[in-house]
Amino acid sequence: MKKILSLAFCSALALAAVQGPARAADPIEIGVIANLTGSAVKTSVQMTRGVELAADAINAAGGIDGRPVKLIVEDSENRAQEALNAANKLYNVDKVPAAIMFGGSGLMIPVAELAKEKGRVLVNTSSSSPKLGNYPGTLFSILPLDDIVGKELGLLMADSGAKTAAIVVPNSTFGLGVAEAAAAAFEAKGGKIVKKVAFTEGQPDYRADIQPVVPAKPDVIITAGYGDDSRAMLKAARELGLTAKWYAAYPSILEIENKDFLDGKLFGVDNGGYSQPAGKAVADKYGAKFNGTADLMAHVYYGYDALMVVAAAIKKAGSAEPAAIAKALPDVVKAYDGATGKIAWDARGQRIAPPIDVIEYKAGDFVTTATRN
Amino acid sequence: MLQVLLNSLVYASMIAVIAVGVALCYSILRFANFAHIQFAVVGGYLTYSFAAIPGMPLPAALALSAVATGLIAILVDFLVFSRLRDITPEGKMIVSWGVALFLRSVVAIIYGGGARVFDLSYDVVAVGDAVFTTLDALVVVVAAVLMLLLHLFLNFTRVGSGLRALASNADLAVTRGIPGDRLIKLMWFLSGALAAIGGTLLAFETRLQPNMDLIILLPVFAAVTIGGLSNVFGAVLGALILSLAQNLLIYIDFGALLGGESWQIPTQFRDYVAVLALVVVLLLRPRLSPLAGR
Amino acid sequence: MLSVTDVSLSFGGFQALRAVSLEAAPASITGIIGPNGSGKSTLLNIVAGVYVPDAGAVTLNGRPLAYGRPELVAAAGIGRTFQVPRLAHRLTVFQNMMAGERDQAGEGVFNLFLRPAAVASREAEIATRAEAMLKRLGLAHKANDYAGSLSGGQQKLLTMGMLLMSDPAVLLLDEPAAGVNPVLIEQQAALLHELKAEGRIVLLIEHNMEMIANVCDRVFVLDAGELIASGTPAEIRANERVVRSYLGMPA
Amino acid sequence: MLDFAIYCLTIVAVWSVLGLSLNIQFGLTGLVNFGQILPFGLGAYAAALAAQAGMPWPAGAALGLAFAVVVSLLVLLPARRLSQDYWALITLGAGELFRLTALNAPALGGADGLTVPRFADPHLALACALALMAAAWFMAHRIARSPFGRMLKVLREDEVLAATLGRNPVTYQRTVSIIGWAMAAAAGVLYAHIVGYVSPSSFTVTETFIVWTALILGGPGSTLGVVIGAAAVQLLSVSSRFVAGWIDLPADVLANGRLALFGLVLVLMFLFRPQGLIPETKEVRDAERH
């Protein structure tokens, strides 16, 4: 058995060693870390597809200075240790200069620590924890922090004339972060929060969670969340007869459970994508490659922009060395008009002042009704 | 309050249909079968697949799935458990976990990790302040009918009384000419089929996920334990008690009770009730260990 | 002196023992016989501390037993064997024998890590005794075999040996001769005589009347939870009621 | 590449400690702990909480061990009356209670968990992990080969026999639980500092059964076997990533395939080699010494 083990391990090492250091004509390898198993799989896959579309676009245009981009996709299983395993493999064995990652802060922060230690680049497409600002020069976020989006959401609610609101969010950093910022902005404009529900994700049914919201009779409901949990949550709300309007951060990542229930009653803010020409182009490519845009979520745009800015940085720096990429990144984004609109970073590499799209769900489609830059 | 009762009844129905299978298996083979709950998930997915066949009505898909899952349970017993009848109960539990892990992963490979949902149309019915759906009503009725049929089967058929004899004293039953092996196969078929129906009902109400078994593991085992592990109808009662306790706990406004501001226990603490019920019931049951009785 | 006084015990509605009394003196072998279900094993289980009697008392040298705490009863010097021998099957015969000794420095975790020398010397002492005991039982050649691989009779000898390691004042033996080949039965009988000579109290449940007649000083007969007779083996053989209710039937 | 090997070894060492801990509980004593992740998680969360409060890591370690010991006694309270399959359900429930609490208590970071300072130097992490593994190995080996371990094995084979020999099984079970849980908690403390993050998703029933797979694969009761089992399971996990690049399977199929393999290993080992790859050694007495 010892023999078999050491054999397996050695062959793994040998396999990795074959890949060796990069030469000029070699492809540039970029890592992708996403939850391909475990939970939040759909959004992760959407992000990965976005990166793939970007890679297709780059390679179709002849690559970066003649070198094609090659993606190495690793699964994080939505567990910190597996995310670290994945990042360790990408940074230490595949020696990728940069990795694009989908995952909550619980996974993103350990990987950011490792990236910092190894002097590599990590591009965040999903996590919005304020702690991510602690890795300047290592971690760059395509997604803006929750407080920005949350505040815009709160203002939008107040503008609609709503007086009372209930909060129904998952008890994650994302859900609570959005809810807090939105509630603060809403209350500053004279609104009142009448009920707050923070549910644990991963439960099959949320009827008992939504139940207490019904007697509170709010005008609007602040929500955030994605995937199967959002679908189950909306189903419970519909069955319990909630008639309030919904205000969501990134409404496209909600899984719409019943079109009629939410038609004309779901609003929200997102940054870029829907109204930008670059976003439309990505959506078209998505439709061509993945059989239509029915399941398209905003994460496609984040993934797409993530790889695009990394590629632009490599091109500008004339080198795929991580330090050069990190140095070039803040410069190239200034000139980049991407699927999620213009990207502006603060000194920590966190996205600020994103263009905000105001979105309404009408007749089964997310319609951008206004854009604030 | 009426709403709490309704919610409890619906939840208890789904748990009970799955829990009786665990009790059935425990009563005859004397081990807690983790794989049983995975049978429920497999059954749910099978119903989903059969229903996708053009022209297949949902009830037929459900029946097919029940039969198929029953056969899978027999197959698992033939391949695994029947060869391990002599090992300790805890050894069997570990093995059954292995089986569950294997099935769960295979389901995930075939269907992917994301959730699947049945696209059902149903209406919402209001009773005073409370609401329920016609689907809820269907779930409760199906569960009740199944339990009634199981009761009639176990108590008023020759095969059923054979099963009961096997459960109360396997050695004696076999020496009296009751065909033990065939009855054990029947037991597996029954519990597999029940699991499939329970799993499908759960999927109707909520969703299908490969790891759904982990979500309902505690409630199901708590229900079975409350009912007395080897008592089939105790499991039904256990499911009702547990479900009621869980829903009441999050319904009661403890803040107002204590004269303060409204404060309720967050819903996610529901599962604490299941675990606590499990522990308390186990503590209260005397003389389980060969050394007990002190 | 081991005294059982008016002991009664019922399980649910079933009266397993009804006011049973008996006494066993040091350096004696006392037999308990009776048909299956007569309450012999129940009585043994009470004396061994497994069951708590509903009424009555069991005393050893005047001190009542810790009912319901078999490990305390064992520690008080009452050793028992089982009809189906209980052994650590996946330990060697020698290791089983070593486990029989109660007072072991090496069973304290602190000693184990802080006083390894004391543990080692005590272990060597016990090993010497275990070796001697195995020789005495005629099992020395099996020392390194798994206990589970012994024959039934050898296993019964081994369990007796394990008890003797901690020098019990009382031995409760549950059908030591059942299913054992005649050669080993003779060996057992010889061992019992030795134990008696050492001044121990031996209580013996047995169906093998030859064994009873060979070794016992006094015999008590149980039937349906009640004591129906007592006396020397010869007296018991002559007792009409005993013959009718027990000995007359094929055992 | 070397860094990756160092990281892998570190992870293997940590999981070996978990395996050794389960081994003295189940392999030696027969205690079926389906909540093995509980002491592990307690250690990890204690390290995280101490770090959050600005305390140095030894404080976290001490806190973790203390938590584990206290909770092991609490969970063991009912054990004296229960047979092992019930004990399995209780520990399973206790592990889930812990996870639910971590998931729902804001002070414990909720679903998003807590940050822990990471080892600055991977070599240091490896050294610490190896040191802990060596200590656990030494303890486990010493116990297995001692009179104490002998009585534990008697207990495993037959609790009634142990009582008949004048031992109180509960006392021994309690001691074993305290040692085993403290060991697992120490592994948890180290794990937190290696991964740099604790969150409820790292402490699920699945993790418990990864340890079980390692134990059953390696050989219950065998110290060496368990370490080899843990190494096999963890390295299989890591190396399957390379297999993915090789045979071009989707990552999710591979990850699930790996879990399916673990399940299969559990079942097949029970069916065909219940003693494990490296069976427990028979303690033979050398007659020539005397």
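We call the chains A, B, C and D, going by the order they appear; numbering starts again at 1 in every chain.
In the analysis below, contacts are C-beta pairs under 8 Å (C-beta built on N, C-alpha and C of every residue); 3 or more make two chains touch, one makes a residue touch a chain.
For reference, the UniProt names are A = Branched-chain amino acid ABC transporter substrate-binding protein; B, D = Branched-chain amino acid ABC transporter permease; C = ABC transporter ATP-binding protein.
Values in this document were obtained by computation on a predicted structure and should not be read as measured data.
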Intersection of contact partners for chain A and chain D: B
Graph distance between chain A and chain C, where chains that touch are linked: 2
Chain centroid nearest the full-protein CA centroid: D
C-D or B-D - the one linked by more C-beta pairs in contact: B-D
Furthest chain, CA centroid comparison against chain C: A
Averaged-CA centre spacing for the pair chain D and chain B, given as whole angstrom: 30
CA centroid of chain C to CA centroid of chain D, Å: 40
Euclidean distance of C-alpha centroids - chain A vs chain B, Å: 37
Chain B-chain C separation of Cα centroids, rounded to whole Å: 47
Numbers and ranges of chain B residues touching at least 2 other chains: 108, 112-113, 266, 268, 291
Where chain D touches two or more other chains at once, by residue number: 103-104, 160, 163, 169, 252, 256
Residues of chain A engaged with two or more neighbouring chains: 36-38, 41, 171, 200
Chain D residues within the chain A interface of the complex: 1, 3-5, 7-8, 11, 103-104, 110-113, 115, 118, 120, 122, 191, 195-199, 201-202, 228, 231-232, 235-239, 241-242, 245-246, 250-252, 254-256, 277-278
Of chain D, residues touching chain B in the complex: 32, 34, 78, 80-86, 88-90, 92-94, 96-97, 100, 103-104, 159-160, 163, 169, 204-206, 209, 212-213, 216, 252-253, 256-260, 262-267, 270-271, 274
Chain A partner contacts - residues on chain B that touch it in the complex: 3, 7, 108, 112-115, 117, 124, 126, 131, 133, 202, 205-207, 209, 212, 215-216, 247, 250, 264, 266-268, 270
Chain D-touching residues of chain A, taken from the complex the two chains share: 1-2, 5, 8-9, 12-13, 15-17, 36-38, 41, 72-75, 77-82, 84-86, 88-89, 92-93, 104-107, 109-110, 113, 117-118, 129, 131, 170-173, 200-201
Partner chain B, residues of chain A touching it in the complex: 36-39, 41-42, 171, 197-200, 202-209, 211-212, 227-228, 231-232, 239-241
